[in-house]
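See below for the structure under consideration.
By written order: A, B and C. Residues from 1 in each chain.
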């Protein structure tokens, strides 16, 4: 057992200390975090817009069909576009989307990091949109009717009455999406980005030992996820307290 | 508007589903004057709730006119939100906003829509809560209230908008029996204050005592209407007789 | 939570103790990365190429059955070092670093790292990439925005990831460590070549696959003449300390060299007239 730990120590030094290899992990972690963070913000922005269009269409379809105006056709078209976006994004693997973004859509861009942020942002947007729409649809229609019957218009009802309830309901799911996103960025290495996973691979390719780099990478992801989950728990408890 | 014109006039109101195969409302003609309390009764599925909800367009009618205070609210250029501020609704399931205190539930609409100062609105809300015996619950959340308390809050929430007419959609149906009385008491008080009310209910006692007119609906049509004395004492339509024999 | 984590890692360590205790029948398991023509590539489902055929000949000599595992290049090296595979044959260059963690056979072929650029590129020779001092050593880059594409973990990656003074592409940080941002590391050489001109300015890769890529893609070429980036030896690697297998392999290799089998195989894939196949 003693020799085993001595070996472990040598392995550690070889993989992280020699030639400052820990720098790969540090750089990779930075890239993973920045991609995740920017993609999250983008995903939220896209998701909110899409969810707004889709649920507005669903909720107002009947009353707008009464008098089919210009707005009805604009909304119908937007809804169709959103639907197409959701179908395509949720129907294809994120790696394929990333490669398409990198080699086709942004063929001439050299900024892989930016391409990855956009690719993951667009991907995440689809999932966030459906989470939000699910949240809106899960609110009892009576809430909506109560708002409208007091004289609030659709948007006011959404802002004052529906959204605050949706937010609380979907927050855990949204955070889960964030955690999934964090882990999904591990395919960023496909387009030449040194993210956390790739950093481990690069160390592995130079030291030819599997254990240390892989376990280190796994640990770093795990720690981030555990921290995030704990934060979500705190946030959830605080929100619940506000209601009582 | 002079007092002789009915406040709401409904002409040939129809609501179809599945391209006309199902007719929830099948040609309703109706009117109500200011200060009247119209009680709508009928078996479930008769279309009475659909009709009530059509009056502020929570249900979109397929055909017909709804003329409120001289304006046909079916017309395209009518701002329905302004009309709804004057025709507040009380729901079977209360529909209080669970993320707000009782006070916030009541003050939200007047502050945001009527642009009244917060302090003034709050004073008014507290007065109304006092009137319905809930002054100590102003800062409670809806989850902490009993069904009867919730419905009383829902009624005063609607009153905060100072509506011209109040629509009640089976306000006591979701309540435990011992709580029905406290809600009906509030409604009676409203009626005696001269509020124009349309009430869909199964409470025949309330219909008989408070209603200025009772309407019997079935199959999406008004089959009989008249004073409570006529409807309950001398029903003509066989379906109404059948219905009354079951509920009384 | 802490206890759980600790338990998890103890289990993991225990498991890693057993790593490498695999079954060992009469099979010779070779790991390769079959995206490296003409040394190894796929024809249909079959892995063919110089390495595959030499390995087959060695297995025959040893009286063993050859099993080829196709994995990522980095996994070939790691897998052999861990004893997951008996040997690695993937156009593997012998380097001092690699010698520390695995044993290498005698050389069976020579590889040259070359630079591929797009036709019309401003890079015509190494002089267009590096600034040289009087001794002929590089001291800087002509174009600080240059990006170089490589297949990750290949010698092309390792060379170009170094500092400029060592013929890499990267500057040093203030503390003397190497910046790593000029090298774009792809999963395969083909992806690196696909990025030529748009994503990267040049690709550094072994000569023979480079020829294949140039033959199959219009508008790119290998920098000619004395622009060989690095010359290196290809060898078979085995787990460190596995001298028994290494000696057998070396013996077989010597015999195959002596009877001309190896030359025949190499000539089959790389015709002597220089035309790429």
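The working rule: contacts are C-beta pairs under 8 Å (C-beta built on N, C-alpha and C of every residue); 3 or more make two chains touch, one makes a residue touch a chain.
On a predicted model such as this, the values are computed, not experimentally measured, just so you know.
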Exercise. Which neighbours do chain A and chain B have in common?
Worked result: none
Exercise. Where centres are the averaged C-alpha coordinates, which chain has the largest centre distance to chain C?
Worked result: B
Problem set entry | Central subunit by CA centre of mass proxy | A
Exercise. When the C-alpha atoms of chain A and chain B are each averaged to a single point, how far apart are the two points in Å?
Worked result: 45
For this session: Go ahead and note the Å separation of the Cα centroids belonging to chain B and chain C.
Result: 80
Problem set entry | Centre distance in Å when chain A and chain C are each reduced to the mean of their C-alpha atoms | 36
Seminar exercise, completed: chain B contacts chain A in the complex at 56-58, 60, 74, 76, 81-82, 84-85, 87-89, 91, 93, 95-99, 108-109, 112-113, 141, 143-144, 157-158, 161, 167
For this session: Would you pull the chain A residues touching chain B in the complex into a rising list?
Result: 62-63, 65-67, 69, 140, 142-143, 145-153, 156, 160-161, 164-165, 168, 242-244
Exercise. In the complex formed with chain A, which residues of chain C make contact?
Worked result: 1, 9, 12-13, 16-17, 73-74, 77-82, 97-98, 101-102, 147, 149, 152-153, 157-158, 177, 180, 184-187, 194-195, 198-200
Problem set entry | Residues of chain A that touch chain C when the two form their complex | 4, 8, 20, 23-24, 27, 102-103, 107-110, 112, 189-192, 194, 198, 201-202, 204-211, 215, 226
